[in-house]
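Same chain, two partners: chain A is paired with chain B first, then with chain C.
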Partner chain A sequence: MRARDLAEEYPLVQLTDDALTAARLIADQRRPGVVVVDAEGRPVTVLPGSQVLRFIIPGYVQEDPSLARVYDEKGSAQACISKLEGRTVKELLPPKEKRYELPKVSGDATVIECAAMMARLHSPLLLVSDDDTVHGVVTTSHLLKVILSTTGKAP
Partner chain B sequence: MSPSQILSVLVFAGAYVLIATERVHRVAAALGGAAIMLALGLTNGETAFHSLDAGVDWNVVFLLLGMMIIVGVIKQTGLFEYLAIAAAKRARGKPFAVLAMFVVITAVASAALDNVTTVLLIAPVTFLVCDRLGLNPIPFLIAEVLASNIGGTATLIGDPPNIIIASRAGLSFNDFLVHLAPFIVVLMVVFVVVCRWLFRDAFHYDEDRVAEVMALSEREAIRDKRLLWQSLLVLALVLLGFVLHSALHLEPSVVALLGAGLLVLISKVTTEDAIADVEWETLVFFMGLFVMVGALVKTGVIDEVSETLAGAVGGEPLVAVMGLLVISALLSAVVDNIPYVATMSPIVGELVAAQGHTPQAESMWWSLALGADLGGNATAVGASANVVVLGLAARNGTPISFWQFTRYGVVVAGLSILLAAPYLWLRYFVLA
Partner chain C sequence: MRARDLAEEYPLVQLTDDALTAARLIADQRRPGVVVVDAEGRPVTVLPGSQVLRFIIPGYVQEDPSLARVYDEKGSAQACISKLEGRTVKELLPPKEKRYELPKVSGDATVIECAAMMARLHSPLLLVSDDDTVHGVVTTSHLLKVILSTTGKAP
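Let's look at the complex of A and B:
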C-alpha cells in the first residue's frame, strides 16, 4: 500500500483564518490537528491540537503544575476562549524558526516511510502530495489501523 | 610588589573582568582563573583545598548545597502557590493590598530561602493573579524582586554574600538576626509605603474581576500534603538548628546537610528529584572564586591592600564603615556581588583585626553585607534574582526593559543605603 492510497480528505485552514474556527474544526471533528496552507493553497505546516493548547494555556501555568490545579473550570474555559478571539491561525503557530517541519511524503511513499516520517517529526498528521497536487492527509490512527490489519492484529 | 603578587593580581583582574562583562561564562572564568593560579604556582593543592583562610570555603559550598536540596523539595509541594493565592483572596483582590502581601511573603521567604528560588516561586502566581485582576504584572514583579533582595539581607542564609561573610568572619545565624534583621524589618515597612507611591499608576481596581480571583482554589495547589508537612518540619528543624548552631557546635553547613539528608530520607522524593534543583554551576563558580581569592591571600596581596586601606582610613572605623557601605552598594549595582564579597571579605577581616575587633570595627561586616546585598537592587543586572525576573517576564509576554527596572531599583537601593548609613552610625558609634 502506498501513501496516496492511505491519504484521506482533510480540512485545510489558511494562515489568515480565524484561530477560533481552526480550534473548532479540531474540536468538533475530533481531529489531531489541521493542515495550514498559504494564500495560494500551498501547505505551510501542520497545526496540531497541542499547539492550540500551548497558545491558550499561559506559559506560567504550563510550567507550574500546582497553578494548573487552582483554576475554576468555568473561569479557565472563559479565559482560554478569550485568548483565541480576534486571533489568526498564523498567531497560533510558533515563531518561524521554531515552526514544525512540514511532515510531507510523496504519493509513492510506503507505509513504513510514512510511519518513520511521523515518528521522527512527532506529528499526528502527514501530508501526501506530489508537486502542487495534494492527495490528502494520513492520520496516526489510520496508519496504525493499516499496520495492525497487515499483521492481523486489528480489532 | 613581588612578581608573584603582580601575577596573581593580573590573573585575578582578568578573570574578574570576564565575569563582570560576561564575555565568557562566569564558571569558565572562575575555573580558568583558578587553574592559572594553580599552574603558575601562585597557590597549590594543599592551600586551595585544605586551607581555612586561603582555600575553598567548604562551609559555604555545602551550606548552599544543603539549602538547594531542601528548597528543591519544598518547591514541589505547592506551598508558595497556596500562600500567594490565599493572600490575594484575603486582600479581596485590591491591587495595593495584593502587592503588599506578595512583597511581604517574598521578603520573608527570601530570608529563609535563596532569592532566585523565591522569585521563581512567586512570579508564576503573580502572573496568574494579575491576569485575573486585569492588572499589569510588571510593577508587581519589580516590587517582588526588590523585596526579595531586601528580605534576603536579614539572615545568614538569605543571600550568598551573607554566607561568605558569615563563614569568613565567624559570624553566627543569630548574629545576623540581631544585627541585620531589625533594620530589614524597618526597611520593609518603608519599602511597602514607598511602593504605594512608586507604582501608584498600577493599582486599578476592577470590582467585576475580583470574583475571578475569589474563584481560585488555593487548597488545590497543595499536591502532596504529606510531603508538605515533612518539608515544613525539616525546614523548621533546620532553622532551629541554625539558631542553635553555636550552642550545638555545628557549622551551618552541617545543619543544612543534615536537613537535606533527613528530608530525602523521610519523604518519597527520589534522589534524582531532590538534587534536580541544585545549581551545580553556582557551586563550581564559588569553588573557582575561592581558589582565586586564596591565591591573593597566599601571595600577600590581601595583606598589602588591607594595610593600604587601613592607612587610608587612618584608624577611623566610621570612615571605613561608611566608605565600605557606599562603595559596596555602587559596585554591587553593576557587578555580581558574590565575587565582590568573596574578594572583600579577607580585606575586611584584616581591617577588623587591625582595629582590635571593637564593636565599631566589627560593624564593617554589617556595612559590607548591607552595601553588597541592598546595592544589588539598583540595576536590572545588580543581582541574580533581577536577571531571572527579567527573563521570566519576557517569556510570558510582558518584557521589562533594563531602564524600566533600573528607574525603580535606583530609588529603592538609594533609599536603602540612605537608611542603612544612619542605622550603622547610631547603633555602632552613637549608642554602642
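Let's look at the complex of A and C:
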C-alpha cells in the first residue's frame, strides 16, 4: 500500500482566499486545520486552527488567559470575527521563518516511510503530493489503523 | 457559555493500561491522541498518535525515512506491533521533561479564555477538568465554530 492509496481528501485554501472563509472551513468541517496552496496549486504550509486563534485573540489575553474573564462574551466574539474580515489567508499565516514545516511525502511513499516522517516531525498529519498534484492527507490515526491491521495471515 | 458546556467526551487511558490497546483506541476512534490519567483519574498528559509512531518506528528510519523503502511492508508492520506488546502506556510516554504540556482549563473557563490558552500553547485541543474530574476536551475547530456563530443578534 502506498501513500496515494491512504490519502484522504482534505480542505485546501489558496493564499489569496478570504481569511474568514478559511476559518469557517476549519470550524464547519471539524478539522484541525487546512492545507494552504499557492496560485499554481502547489502546497505551501498548513494553517492550523490554533494559528487562527493566535491571530484573533489579543496578545495580552494570550499571555494571561485569566484576563479573558473580564470580557463580555458576545462583544469579544464579534471583535474576533471583525479581525478576520477583509483579510486573506496569507495575512493569517505566521512569517515564513515561523511557519510549520509541511510534512510531505510523494504518492509512492510506503506506509513505514509515512510513519517515519510523522514520527520525526511529531505531526498529526502528512501531505501526500507530487509536484503540483495534491493527493490528500494521511492522519496518524489512519496510519496506525493500517499498521495495526497488518497481520501475518494471508490477506 | 463555559468550558464544561463545550467539553466533548474523549478517550482516556491509564498509565498502567496496555500500550497496544491505547494505540488501537487512537486508530479506531480516528483521534489525534488520547488523554492519559493516573490511578486517581487525574490527567497527566496527552499521548498523541505521533508519539506511538516514534516508539514503534526504529530511530534510524525516523532519521532517514527513505530507508523505509527497503522494508517488507507486512514484516515491518508486525515488528511495529510486537514493540507494543506487553508494554504499558507509561512506557510509551517520553521522559517527564519532554512530555507535552497539557493545555488545561477549569470547567468555568470562558470561550475566550479557552481560545487564549490554545493560541498560546499552539494546541489543537484543550482538556477541561476540575481536580480529579475530567469533563472532556475542547477542540480548536469546535471553539472556532462557537466564536464564529456568535453574532450581535438576539439568540
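We adopt the following convention: the second predicted complex is superposed on the first by the 122 of 155 C-alpha atoms of A that agree within 3 Å, B and C clash if a C-alpha of one lies under 4 Å from a C-alpha of the other, contacts with A are read in each partner's own complex, and residues count from 1 in each chain.
Throughout what follows, a residue touches a chain if its C-beta (ideal position, glycine included) is under 8 Å from a C-beta of that chain, and two chains touch if they have at least 3 such contacts.
All figures in this text were calculated on a predicted structure; none of them were measured in a lab.
Trainee: Mind working out whether A:61 is in touch with chain B, chain C, both or neither, as first, second, both or neither?
Mentor: It touches chain B and chain C both.
Trainee: As a test of reading the superposition: which chain, chain B or chain C, is in touch with more residues of chain A?
Mentor: Per-residue touch count on chain A favours C.
Trainee: According to the stated criteria, A:1 is in contact with first (chain B), second (chain C), both, or neither; which is it?
Mentor: It touches chain C, and chain B stays clear.
Trainee: Figure out whether A:12 sits in contact with chain B (first) or chain C (second), or with both, or with neither.
Mentor: neither
Trainee: Which partner chains sit in contact with A:69 here, chain B, chain C, both or neither? Use first/second/both/neither.
Mentor: both
Trainee: Mind working out whether A:44 is in touch with chain B, chain C, both or neither, as first, second, both or neither?
Mentor: Neither: A:44 stays clear of chain B and chain C.
Trainee: Residue overlap on chain A between the chain B contact set and the chain C contact set?
Mentor: Shared contact residues on chain A: 61, 63, 65-67, 69, 71, 74.
Trainee: Quick check: in the complex, which residue numbers of chain B touch chain A?
Mentor: Touching chain A from chain B are residues 78, 81-82, 85, 123-125, 127-128, 131-132, 212, 215-218, 220-223, 395-397.
Trainee: Using the touch definition from the top, list the residues of chain A that touch chain B in their complex.
Mentor: Within the complex, chain A touches chain B at residues 58-61, 63-67, 69-72, 74-75, 79.
Trainee: Write out the stretch or stretches of chain C touching chain A in their complex.
Mentor: The touching residues are 1, 20, 23-24, 26-33, 48-54, 56-57, 61-63, 65-69, 71, 73-74, 76-78, 80-81, 105, 109-113, 115-124, 139-148, 150-152.
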